[in-house]
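Each of the two complexes below includes chain A, the first together with chain B, the second together with chain C.
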Partner chain A sequence: MRTVRKLYAAVYFFVLYLPILLLIVFSFNDSVYIAFPLKSFTLKWYEAAIQNAQLLSAFSNSLIIATVTSVTATSVGLLGAMATTRYHFRGKTLASGALFAPLALPTVVTGVALLSIFMMTGIGLSIGTVILGHVMICTPFAYGVMVSRFDGLSPDYERASMDLGEPPIRTFLRVTLPLAMPGVVSSLLLTFTISFDEFILAFFLSSNSPTLPVFMWSQMRFPDRLPLVLALATVVIVVSSVLIIVSQLLRRRRDR
Partner chain B sequence: MTDDFISLQSVRKTYGSVVAVDSVDLDIAKGSFFSLLGPSGCGKTTLLSMMGGLDFPTSGKIFIDGADVTKTPSYRRPANMVFQSYAIFPHLNVAENVGYGLQRSGLSKADLNRQVEEMLDLVHLGGYGNRKTDQLSGGQMQRVALARALVVKPKVLLLDEPLSALDKRLRQNMQIELRAIQREVGITFVFVTHDQEEALTLSDKIAVMARGQVLQCSSPATLYDRPLSREVAEFVGEMNLIPGTVRDVTTTGVSVDMPCFGTRRLQAGTRRFLVGDSVCVAVRPENFHLSEAPEAASMRVTNRAYFGSHIHLILTTDGVAPICADVPAATARRLRDIDGEGVVSVDFDEDTAVLLPGKE
Partner chain C sequence: MIRPANIPRLLLTPAILTTVVTLGVCLVVLLVLSFGRQNYLDIELGLSAHNFELALTKPLILKLMGKSALIATGVTALSLILAYPIAYLIAFDIHKNKLLWLILFTLPCWISYLLRILSWKLILGYQGVVNSSLMGLGLVDQPIDALLYNSNSVVIALTHAWAPFAILPIYVSLEKIDRALMKASGDLGDPPYRTFLRVVLPLSLPGVSAAFVLIFIPTFGDYVTPHLLGGPTGFMVGNFIAMQFGASNNWPLGAAVALVSMLTATLLVCLFIAGSKRAVRAIG
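On to the complex of A and B.
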């Protein structure tokens, strides 16, 4: 039985990570074709990536979008979490549910809805519209992270601060924010990663300012640019993994 | 308006259909140590929160030092709270915690540090300023919370069961210290507790609460010796309630027929009784003594425990609930000769007995 269990686990992880592993391997392979046997080791796809102006512009779009999205979504999530964990009001359960609900909505549906509105109102598409879309899908995650942080924090700290003469805003700055900081950082990293990797909404809403995933998709039409995409994908995988690991480490340190 | 320092007038607090505090009137004298005593859920903590501005009454008024503070938020009230959870800020060290409320006072850094140091000395934590708060014991957290609230020089210090999380030995030490600190700073303390012994030891005045109402507000001695109701009598200390019937009422007292102690003349206090009323004679265990007098009651000893200074007896007789009596060990030598279910003759001191209505 023990061997079977071990074998199962090995197969599971092999199937799960093989494609990603292959992707990384082929990004260093000196051939435009993805096929064995491997040719020699090369960094030329990475060099090509760095020299591609379109790619760099897409990368910078993605960075801007992910940064603004993560800050906005985390702020909204923080305020929402404060409302539903610190105050009692009519319709609280509904509000909490409504904050989580966008999670259940297929992104394609959200994308079509947003696209229709932006077209209808003549707002037009830009980095800004992608940010709006990303804030919409990232806020539930930020809210979830912040709620779990606030649930573990006694409201007595804030009460004590107010009691000691600090009005609500000063109390927020001197007590609430520092105590919520591990959650804030973890939420920033998580929402940054989600926004950076997101494709569907960005595809619908980015128009002529593509994000990195949209750029990568557009390159797939040209077979000889496949290795370039592989190199790029490898970079994205590494950056995303690092962010997720840091966010999990912070969460673990907080729980201790 | 009376010239009392803190004054609550018909204060009521409801949460939906639940009445947490029900029309409480209370006057607290300046510089006194005042306790709110009652079982959990009696509304004492809600009442304290309303004094501190952390909660607001549904109706009624609250005055502190002559000013109507009913709607004043906690950050503008001259009242500070020591929380049951202490609520010591975990992201600040001991000195930063204590100095928290002074930040906005415009003090120079040197003055601020000096005040923090003085306050830490007062609570016997001198030199602990740089400690992190997660290195502190429960008793030390307690002291930091106290120092942090006192350093801003409030007119009133509100304490929400601050000693309940400490072990018994530490609690007793802290009680003595708390009283000493209160005398030294001269600030009015309002102390919430469910521990009647603690309230009796510490307070100048105690308000006993139940079901959101104040049942009795008086000095510890009056509360113990002259409870106004059966509920107070039973909540504060141990009390025997012996049923009886009023036989005669005169200006000097009330004659009561009791099942096994005959007819006794008792003081009626402020209550009025009519002939034929069924009453309760409340007698503390220590007010019983062994007696050879003819009116003394003969009772069976069903249980006894030796306490050195006195002997604790459980006495029974037909038609009366078991009675607890603490008789001085010195006068009860011969009790030692009684094995198991002996019979003794006991009597009580009529001056110390309290006459209460039979049913409430």
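On to the complex of A and C.
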């Protein structure tokens, strides 16, 4: 039975990675057609990508959005996790469940709702509106990562610091934050990747400042631009994978 | 001076603001909008139930809602069935480098969903990887166009995109199971399959339910996959909603359909979870 499971897992693993692998392989293929047999090896799609001004501006938009989003969501998640793991108060279970509510809404609904808010209040679409949407969907992930970090940490260190007369702010900066650091980094990397790769909210909320996924979406309509999209996709996939692996390793590390 | 009792509330406030409050405002705005009426470029707010009437009676909308429910059910069921053995393997069979395997099996779900859908377009397309390979091998004379632009391709791509999402919650609930319970069941004479049905499966239900929510909700509302892979027959309710806020320019109707489909999805999730609990109890 165990052998059957392992065999099944091998097939599952292969099918899981095959499409992603194909994207990468075809990004080096010297042909506009995405079809076998492969032609010769080339880096020209990568060169074309680097020289594309629209792409670079979309890239910098995504970078700004993902950076601000990850820092905001992680700070908010950190404080929230401190509240629910370090204190007892009424409505705690309800509050920690409610923080996951944004995940229970299809993203397209969240997208059109936020778009309506901005339209009705006269707030113009910009990088800022995308950040607002991304912080909303990233906070549950940041909170989840921080809770699992704090759950593994005894509150004794903080108590000792307070007993020795450190004020709360200094206790936070010198004890809580360093102890929570692996969780903080893990959450930063995870939420950065989620925001950087997010398409649906960015599509509704970015308007004149498209993010990288929105730019790729706009290029997918033109068959001759596909190889350029693939080159870009390869870079995004490799970088995302590294960030996520580091994030997950840090999150589940049991130290001290 | 801050009262100590208020500290946790103060710490929680930013998180509540970015999630619960924003979400609440979103729903209120959709509700207000859905009772209004589109008048060319302007939206007249009012108290007309006209859009909800349309959302609940117009054959096209009902058909799309039904198709979304069907596709979401299929994708979720397939994902859970395909992912369960993997979660089981990592929880019970793998002892070395557990964490690494867990990460490797779930890594693709964090990588751009748009790109994973795109890869299926390349694989299943008219001149795609499958067709060009089949023709290159001389197995078919003409590309098979049945591969792309229908509901099947949507189900394949979405199952591939979400299945690993199911591994994580199921794994977590399997890992929590007290091994002594499984051993006791065996010692008392249950064959392995009965131990699975009566001990492991019921105890893993919380994970299965969580996976169900994580997959069913985004699939129900998805519009990227049907747009790229669905063709005319693969259109889903998410496409309809997105269109009302775009080309069709009927925001109030879009808002009403968004609210109705959100409620439908939530209701279906609750029904499925309640149903699975009963089914498992009946099997045990």
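In this text, the second predicted complex is superposed on the first by the 243 of 256 C-alpha atoms of A that agree within 3 Å, B and C clash if a C-alpha of one lies under 4 Å from a C-alpha of the other, contacts with A are read in each partner's own complex, and residues count from 1 in each chain.
In this text, contacts are C-beta pairs under 8 Å (C-beta built on N, C-alpha and C of every residue); 3 or more make two chains touch, one makes a residue touch a chain.
The structure displayed is predicted, hence computed values, not measured ones.
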Exercise. Aligned on chain A, chain B and chain C: do they clash or fit?
Worked result: fit
Exercise. Now for A:Val175: first (chain B), second (chain C), both, or neither, which partner does it touch?
Worked result: first
For this session: Could you tell me if A:Val109 is touching chain B, chain C, both of them or neither one (first, second, both, neither)?
Result: second
Exercise. Does the superposition put A:Asp156 against chain B (first), chain C (second), both, or neither?
Worked result: first
For this session: Considering only the touch criterion stated at the top, classify A:Ser187 as touching first (chain B), second (chain C), both, or neither.
Result: neither
Seminar exercise, completed: Of the two partners chain B and chain C, more of chain A gets touched by chain C
Exercise. Once the shared chain is lined up, is A:Tyr17 touching chain B (first), chain C (second), both, or neither of them?
Worked result: second
Exercise. Looking at the overlay, what does A:Pro167 touch: chain B (first), chain C (second), both, or neither?
Worked result: first
For this session: Compute the least Cα distance separating chain B from chain C in the superposition and give it as a whole number of Å.
Result: 10
Seminar exercise, completed: In the complex, the residues of chain C that touch chain A are 5, 7-9, 11-12, 14-16, 18-20, 22-23, 25-27, 29-30, 33, 82, 85-86, 88-89, 93, 99, 102-105, 107-108, 110-116, 118-120, 122-123, 125, 127-129, 131-133, 136, 160, 163-164, 192, 213-214, 217-218, 220-224, 228, 238, 241-242, 244-245, 251, 254-255, 258-259, 261-262, 265-266
Problem set entry | chain A partner contacts - residues on chain B that touch it in the complex | 52-54, 73-76, 79-81, 83, 85, 87, 89-91, 100-101, 103-104, 148-149, 152
Problem set entry | For the chain A and chain C complex, residues of the former touching the latter | 1-2, 5-6, 8-9, 12-13, 15-17, 19-20, 22-23, 26, 33-37, 72-73, 75-77, 79-80, 82-84, 86-87, 89, 92, 95, 98-110, 112-117, 119-120, 132, 135-136, 139-140, 143, 190, 193-194, 197, 199-200, 204, 213, 216-217, 220, 226, 229, 233, 236-237, 240-241, 244-245, 248-249, 252
Seminar exercise, completed: In the complex, the residues of chain A that touch chain B are 154, 156-157, 159-167, 170-171, 174-175, 178-179
